[in-house]
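Each of the two complexes below includes chain A, the first together with chain B, the second together with chain C.
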Partner chain A sequence: MSFDPSFMWTAFLSLFKALPTTLFITIISVAAGLVIGTIVALARLYRIPVLSQLASAYVTFVRGTPMLMHLLLIYFGLPIIIDGIAGLVGSSFTSASIPLLAFACIAFSITAGAYMSEVVRAGILAVDKGQIEAAHAVGMTTPQALRRIVFPQALAVSLPNLSNSVIGMLHGSTLAYTISVIEINAQAQIVAADNWKYFEAYLAAALLFWGLTVLIERMSGWLEYRLNRFQRGGAA
Partner chain B sequence: MSRRFDIHYVLDFIPKLLAYLNITLLIVGSSIALGLLIGLLVALPRLYNVPGLQRLSRIYVSFFRGTPILIQLFLVYYGLPEILGWLHIDVSRIAVLYFVILTYALNSGAFISEMIRAAVEAVDKGQVEAAQSIGMSGYQTFRRIILPQALGISVPLFGNLVIGNLKDTSLAFTLGVMEMTGRSQTLGTATQHFIETYIALSLIYFVISVLLERAFVWLERYLNQYAGKEQTSRQQRMAKRWQARLIPISDRGGKQG
Partner chain C sequence: MIQLEGIRKSFGKQQVLGGINLTVQKGEVVVILGPSGSGKTTLLRCINYLERPDQGVIQIGNQKLEGKHPGRSEIHRLRQRTAMVFQQYNLFKHKTALENVMEGLTIVRGVPRDTAAEIGIEMLEKVGLGDRLHYYPSQLSGGQQQRVGIARALALNPEVILFDEPTSALDPELVGEVLEVIRRIAEEGITMIIVTHEMGFARDVASRVVFMDGGAIIEQGTPDDIFQRPREERTRQFLRRITPEANYSI
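Right after this comes the complex of A and B.
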């Protein structure tokens, strides 16, 4: 067994087949995570009774346990709950009909939600209090002020953190292979085992992830530049 | 797929999993210790702008922060023996645990080097100038002025890294290392009570994370006891924001908002 650089190209081509799955998991979990994160962050910022305590508990638990645990807990726990409910209602729906990919997406959305809530919270807190007061003064309601004034500014501030979270979710999506979802890591394993060329396959996978990460970085950098365009120069 | 949920199994599994806590902590402890060394070595060329090495350390940091730890595990496990094989060094007898520790050390090293840089850069430039103006040498300035302040600044970042490392060790089971997660897999398979093992395991990870976090908060307070409150939080904010700029492949200068 010797190193075969030409095989890396073969591996690359094969990994591209799994790229959509990886991107799908990442995008879904980031999008759902942003929604969950915003709700959780607002519940905590506005100290809504009960909800804010629940939100804190959720964030603390998720951040204190490995992402793998969330995946495995959902993968083994959700079917028990679903089948239990289906049994009570008498529905013929069983957890076996849920695709594996859905479990990964649900679990990672839960993970992303907790991390995103911290990003959103930091972003909102970074916006000057005077801004929301000014918005109130010109007659905006709180939802209006949040949507029109606070969120755009918070987004600009939190972009570096946000892109970190996106990259974290991209890297985390490799865990999905533990529940037999064929994403890039699983595909690398398949290609490697088929050809008995493990090093080349994982090197190709690593390069692919590296490229994706740098791409996300660049995009976030460009976006940050764009969003902050109106903030620069002159009397700030 | 698995049997009825039974809470007794959770209580039953906790001590069984805790028996393997020492392996988990061994991975965390040794990889962080090794990572500190690697991190310092990698950070130095960039702190002092050493021409060729600076580029190398940049690529190193970018690679290890830009690829998933799971891929890194496999890469080191399968790649290292091959690379060393070219040099006619046989590592096939070395236990897989050492490969895991090495991977986590390399990974933490990249993050730690960024942490060191962030912390050193966050120390006010005026401090160095003041130290030099009263006649301190470069080493004295570093040892007496920069280091104590940088330590205080870096504690929250370091705490996050250690906790992240602890959570990442749950992946070591993929190479067959018998740590807590590996043990939970065998317990789950043997009893068919998977969900209970994972609840037990999550609780253990959670408690250790919380304890670590408390310890780091305490350490932070201890190290920053002489620093002004406002100054510390400002510097930490700076360091954090600075560190959030992952993968500095290109210098994205002049991008301050």
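Right after this comes the complex of A and C.
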């Protein structure tokens, strides 16, 4: 069997069909992860009783277990819970009507939330305490101070870490193939098996992921440049 | 009018304020002196509840707060009556000079943006920074940053401005420009409580000088009372230590 570069083009075209699924999973899990991560980080930073202990347990469990396990636990566990509740309230809803994609999004949001909470926490801790004191001193409430003063500065310092998280979730999204979601990796497998050309198909998939990763890095670099304008010093 | 009654504060086992009573009339400029660790900063921070006193009553205007557990909204209202100028300036780093001054007006007071911008420009001009409106803090000298800090406080038109060693972090050659600005606004009749180690300035600007040591007010009076005729030995010791010129002239 020899390398067939021309097949890579065929593979590419076929992979593009799965691109939206990969992007969808990545974007949803990153967005939800950011929300979960922020709530978790704040609960821990402000030592909110009960919530902060729950948050710590969540973070250590998720970070202490493989991402694949989160997916499998949700995939097999969530239907039990949902069907159980539906049975209790006498609803006719069954977990069978939930699209597979939803399981992947939920599981990966949980994964992303734990990892991103650490990123958000580090970002908030990097903001000088004097900033929030000054915000309070001009009369802002804590939520106002967080929104207007702390988060923008925390975001500027955490961009490199955030972009790593996004890349991690992009690459991790390939695991969705294990529950039969057709993302890029699963599509590569399909096109490879149909034509018995595995190396070319996976190489095409790898190049596609590489391209996406470079794109994310570029965007993050550009954003970082823009958001950090304020600390560059020098003349205006 | 500001009235503090029996303010106590401890950090762990260490008592930092041991029952402070202090009344400041409208338009007064009260300068607080005292050795390092005597509780000056802590007292100032209790006034706007950046630090919660363990005990005591703080009254500003017609609002009274008591002890450790006032509600969040009460603290929020109290803070709107005060403004603070910090030793480390604490300008909002991601905002320009003008945005720093406008922030409290638009976000807290609900002033429309264009009105807030007018006020902001006026205040920055007042502190001599009319040509630096759109500079970020990182693009300003320490003295300029602190003057923005003062403009930010002034813009809120508070019942009292609290200054915590506003010039201590500055290079010596920049101290003068900041003190000059404070001196000028003091003449406008704005109530101020100033912690400083600048004795000449204290003497000039103060309508009353308060000397603190060990978390207590040891004595207070006019600048002349304190600097020329201190009654307490501890005050004399302190003044001897920080005005070395007096020693040389012997």
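Convention: the second predicted complex is superposed on the first by the 233 of 236 C-alpha atoms of A that agree within 3 Å, B and C clash if a C-alpha of one lies under 4 Å from a C-alpha of the other, contacts with A are read in each partner's own complex, and residues count from 1 in each chain.
Here is the rule we use: a contact is a pair of C-beta atoms (placed from the backbone, for glycine too) under 8 Å apart; a residue touches a chain by one contact, two chains touch by 3 or more.
Since the structure is predicted, the reported quantities are computational estimates derived from the model, not experimental observations.
A.B. asks: Let me test your reading of the model: by the given contact rule, A:Phe93 touches which partner, first (chain B), second (chain C), both or neither?
C.D. replies: Neither chain B nor chain C is touched by A:Phe93.
A.B. asks: After superposition on the shared chain, which partner residues are touched by A:Tyr46: those of chain B (first), chain C (second), both, or neither?
C.D. replies: So A:Tyr46 meets neither chain B nor chain C here.
A.B. asks: Counting only touches as set out at the top, which of chain B and chain C does A:Phe16 meet: first, second, both, neither?
C.D. replies: Neither: A:Phe16 stays clear of chain B and chain C.
A.B. asks: For A:Thr174, using the defined touch cut-off, is the partner it touches chain B, chain C, both, or neither? Pick first, second, both or neither.
C.D. replies: first
A.B. asks: Going by the touch definition up top, name the partner, chain B or chain C, that contacts more of chain A.
C.D. replies: Of chain B and chain C, B contacts more residues of chain A.
A.B. asks: Touch test for A:Ala156: chain B only (first), chain C only (second), both, or neither?
C.D. replies: After superposing on A, A:Ala156 lies in contact with both chain B and chain C.
A.B. asks: Examine A:Val138 and indicate which partner it touches, taking first as chain B and second as chain C; both and neither are also allowed.
C.D. replies: second
A.B. asks: Name the residues of chain A shared by its contacts with chain B and its contacts with chain C.
C.D. replies: Touching chain B and chain C on chain A: residues 156, 231-232.
A.B. asks: Considering only the defined contacts, which chain B positions touch chain A in the complex?
C.D. replies: These residues of chain B touch chain A: 1-2, 5, 62-63, 65-72, 74-75, 78-79, 82, 86, 163, 167-168, 170-171, 174, 181, 194-195, 198-199, 201-202, 205-206, 209-210, 213, 241, 244-247, 249, 252, 255, 257.
A.B. asks: Write out the stretch or stretches of chain A touching chain C in their complex.
C.D. replies: Answer in residue numbers: 128, 130-131, 133-141, 144, 148-149, 152-153, 156, 229-236.
A.B. asks: For the complex, give me every residue of chain A touching chain B.
C.D. replies: Residue list for chain A touching chain B: 1, 3, 60-61, 63-69, 72-73, 76-77, 79-80, 156-157, 160-161, 163-164, 167, 170-172, 174-175, 177-178, 185, 188-189, 192, 198-199, 202-203, 205-206, 209-210, 213-214, 217, 221, 224-225, 228, 231-232.
A.B. asks: Quick one: in the complex, what on chain C touches chain A?
C.D. replies: The touching residues are 48, 50, 72, 76, 79-80, 82-84, 86, 88, 90-95, 103-104, 107-109, 134-139, 152, 156.
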